[in-house]
Amino acid sequence: MRLEEIASIIGAEFSGTDIKISGMNALKDATENQLSFVANSKYINDIKDSKAGVVLVDFKTKEFVGESVIALEVESPYWSMAILSKYFAPLIEDDELPFAKIGEGSKISKKAEIANGAIVGKNCTVMAHVYIGAEVVIGDNTIIYPNVTVYRDCVIGNDCIIHANSVIGSDGFGFATNKLGEHKKIYQNGNVILEDDIEIGSNSSIDRAVFGSTVLKKGVRIDNLVQVGHNCEIGEYSVMVSQSGIAGSTKLGRNVVMGGQSAAAGHLEIAPFSTFAARSGITKNIKESGKTFAGFPLMEHRKWLKLQIKIAKLLK
Amino acid sequence: MRLEEIASIIGAEFSGTDIKISGMNALKDATENQLSFVANSKYINDIKDSKAGVVLVDFKTKEFVGESVIALEVESPYWSMAILSKYFAPLIEDDELPFAKIGEGSKISKKAEIANGAIVGKNCTVMAHVYIGAEVVIGDNTIIYPNVTVYRDCVIGNDCIIHANSVIGSDGFGFATNKLGEHKKIYQNGNVILEDDIEIGSNSSIDRAVFGSTVLKKGVRIDNLVQVGHNCEIGEYSVMVSQSGIAGSTKLGRNVVMGGQSAAAGHLEIAPFSTFAARSGITKNIKESGKTFAGFPLMEHRKWLKLQIKIAKLLK
Amino acid sequence: MRLEEIASIIGAEFSGTDIKISGMNALKDATENQLSFVANSKYINDIKDSKAGVVLVDFKTKEFVGESVIALEVESPYWSMAILSKYFAPLIEDDELPFAKIGEGSKISKKAEIANGAIVGKNCTVMAHVYIGAEVVIGDNTIIYPNVTVYRDCVIGNDCIIHANSVIGSDGFGFATNKLGEHKKIYQNGNVILEDDIEIGSNSSIDRAVFGSTVLKKGVRIDNLVQVGHNCEIGEYSVMVSQSGIAGSTKLGRNVVMGGQSAAAGHLEIAPFSTFAARSGITKNIKESGKTFAGFPLMEHRKWLKLQIKIAKLLK
């Protein structure tokens, strides 16, 4: 997409050399032919390190943009980014892509739908009413139970099992809101990557990234009715028990255990081998590995047990 | 259905002029050719304002019914209502309805099922393994991802996006229970109305109304794994984050935000621009708009923060 | 499967008479041609009562095995059991089974998939995109809404209603973990049994048993987005409200009510007619029937109300 066209869509002034913009990305990840944005003053310091070709800024943040980067000034960079995200969204399905390729020994139900551009490895089982989107890549020996939906561009490794009615790659929950309280969708143009040996229960949702990837590393175990937000990263062999959820951009280290109905807020980093009791509510980073937590607000499990004794005494 | 037949099914005495009853409804909404019921003494005062043609009452409430209304006396009006609800339930599918009408430019997967009597607008996308029930009406430019189920009679507006494996219009959770603890299903003969510009995440459930409609107003954003009970009303641009839920007949004003895993009990009214932190539990009406709440029991968010400090001190 | 082969797979020494092993089972349920295991020293006392033909034991538990039972010694009986569970898993689908049998008056959508070996009773409705697995047995008058998945070997009674996108019989959440933190799947070779007159909401998950059956007894009512773990037993007419969940092997007596977002830990026994308020967290057995509870940690509801008053006073 031409930069002139972009400027025109969002009503920004632009008078430099017109360049081609291939996509959008976060400030820290954007490359020279990508567009990024500064929606929050706490990211001002990241501007100088950004390799983005173009950034959307407001009046106050414009001065922080270096000379090598083109700044487009708009009233609300976040809202403008939302508007533009639609233009960079790929087609949901693309009939011009080549027919799906299916590896030797794979058994695909006639009642499954494999979109053009998808690649399924060897010895896979894809059952009835499964949907595999465009340009999805699936490894070998993976089993996908009925009524699973895999959105376009997602990647699934070898030896995975995805149980019935789970969704891989649905849109992350992203939108800009204006002063009138109206929302504008931020198209989620990233994907989900499931590495090898992952098992996902039934009726779980793993959202695609807004940019980049939501990643589940080797050996992860996800139970039923679990929510994984966009851009999360789940470390090797981590476990999420039923009805737990993690909000966007949170990173779990390896062998983290999230108990039933537990949850983590967004943008957190959780040290490896952390264990969270059922119904824990995590709102802060966990830096030291190997500990066990409980409660909401969260505390070490042994403190939580003491607290319950103190609370029980209140009743006497 | 003839009133005589109705009386006979539930074993009520009836000796007046036989009339035709076209449906059932709540006391306050019922019209002269509809049947209603008084299952709880707190609704006694509503009887005199009701325009219902017939009401089911027990011995104690019979005397409150005015002369213009026919009263059918039964032991348990709620149980009798449940029995009758089945007779007013429409066919799940009706082959005699005309073939579905599909608007110009709409792309319907061959692996979707559109029941007879449904109408899909222009430029819609209906993907594989979607089910659209009888007499559903869908506006223009709406996208329905794979494996979504839309039950019969539901209405979906323009520019909506429904993500994979969500369910619009499943039966509300309604049943009568007798003294033996046995349950009798109350057929949910209402529908769901989604207005324009609504986005619903994956694996969410929006239940149909028992009578009337469950309504999501313009611009609502629903995340994944969210529960909306029967007869709820969600105001414009309100937001429900993942794994939150609202029980039956609760009304959210506009721009309400329900945090992750938060919940509201049934029959509540929540003022516009209320914000509920993650895991809030709402059990009372919120009358003043624009405030932020947390906790269960619910309190203002700043009080909740103070309380956590007090509780932390208990440990010392 | 020959015992010699089993021993060879898990690297156990074996020098007795080779026998044929037909399956795996829990210590207390295993029969003479089944294999069991002692993974936890608290089950040592159960060894002497077990009728298992073979048990996997470690060095320390071997001495407790009686003479009539063959003991295979391994380093980690649980890990070895996980390895073996795969060998006893039935085929997901089996083309050599006879075509499904459909009872008189049943209406099966052409877009449903009924696997070979399944039996559907009379006057059932099986809607589009439903999947019914191998050797599933369904009674009469049962309605299965679109996009429901029923895994192989499950049993569904008469007069049941299963709402859209729910999953009956997905694998329980079972795996062994070694010292490196790696997981090994325990194949869930049991099933789910739904007795008569059961209604299950949309997007709910009822997991199959690891051995034996997960059982929902007559008249149970399950709302939307509910989790039932493997090997649970839910008593007659019990009710689980939306977003509630029970972990593996927990038994609810009859007419138990689990409020919205409530949960029970695993391996519990809950007395009949117990009621749990919304968001209750049950971690201990409930022995006395007919009581009402709330909170997490759980307490009697009236105590919980008092506690909230005390906690509110902390703020003053």
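Letters A, B and C mark the chains in the order given here, with residues in each chain numbered from 1 onward.
We take it that a residue touches a chain if its C-beta (ideal position, glycine included) is under 8 Å from a C-beta of that chain, and two chains touch if they have at least 3 such contacts.
Everything numeric here is computed off the predicted structure, so don't read it as measured data.
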Seminar exercise, completed: Contacts shared by chain B with chain C include exactly A
Problem set entry | Interface numbering overlap (same over half, different under half) for chain A and chain C | different
Problem set entry | Separation of chain A from chain C, taking each centre as the mean of its C-alpha atoms, in whole Å | 31
Problem set entry | Multi-partner residues of chain B (at least 2 other chains) | 111, 129, 147, 165, 203, 225, 243, 261, 311
For this session: Name, in rising order, each residue of chain C that touches chain B in their complex.
Result: 109, 111, 125, 127-129, 143, 145-147, 161, 163-165, 197, 199, 201-203, 219, 221, 223-225, 236-237, 239, 241-243, 254-255, 260-261, 273, 278-279, 308, 311, 314-315
Problem set entry | chain C partner contacts - residues on chain B that touch it in the complex | 92-93, 111, 113, 129, 131, 147-149, 151, 165-167, 170-171, 173, 175, 177, 181-183, 185, 203-205, 207, 225, 227, 229, 243, 245, 247, 261, 263, 265, 281, 296-297, 303, 306-307, 310-311
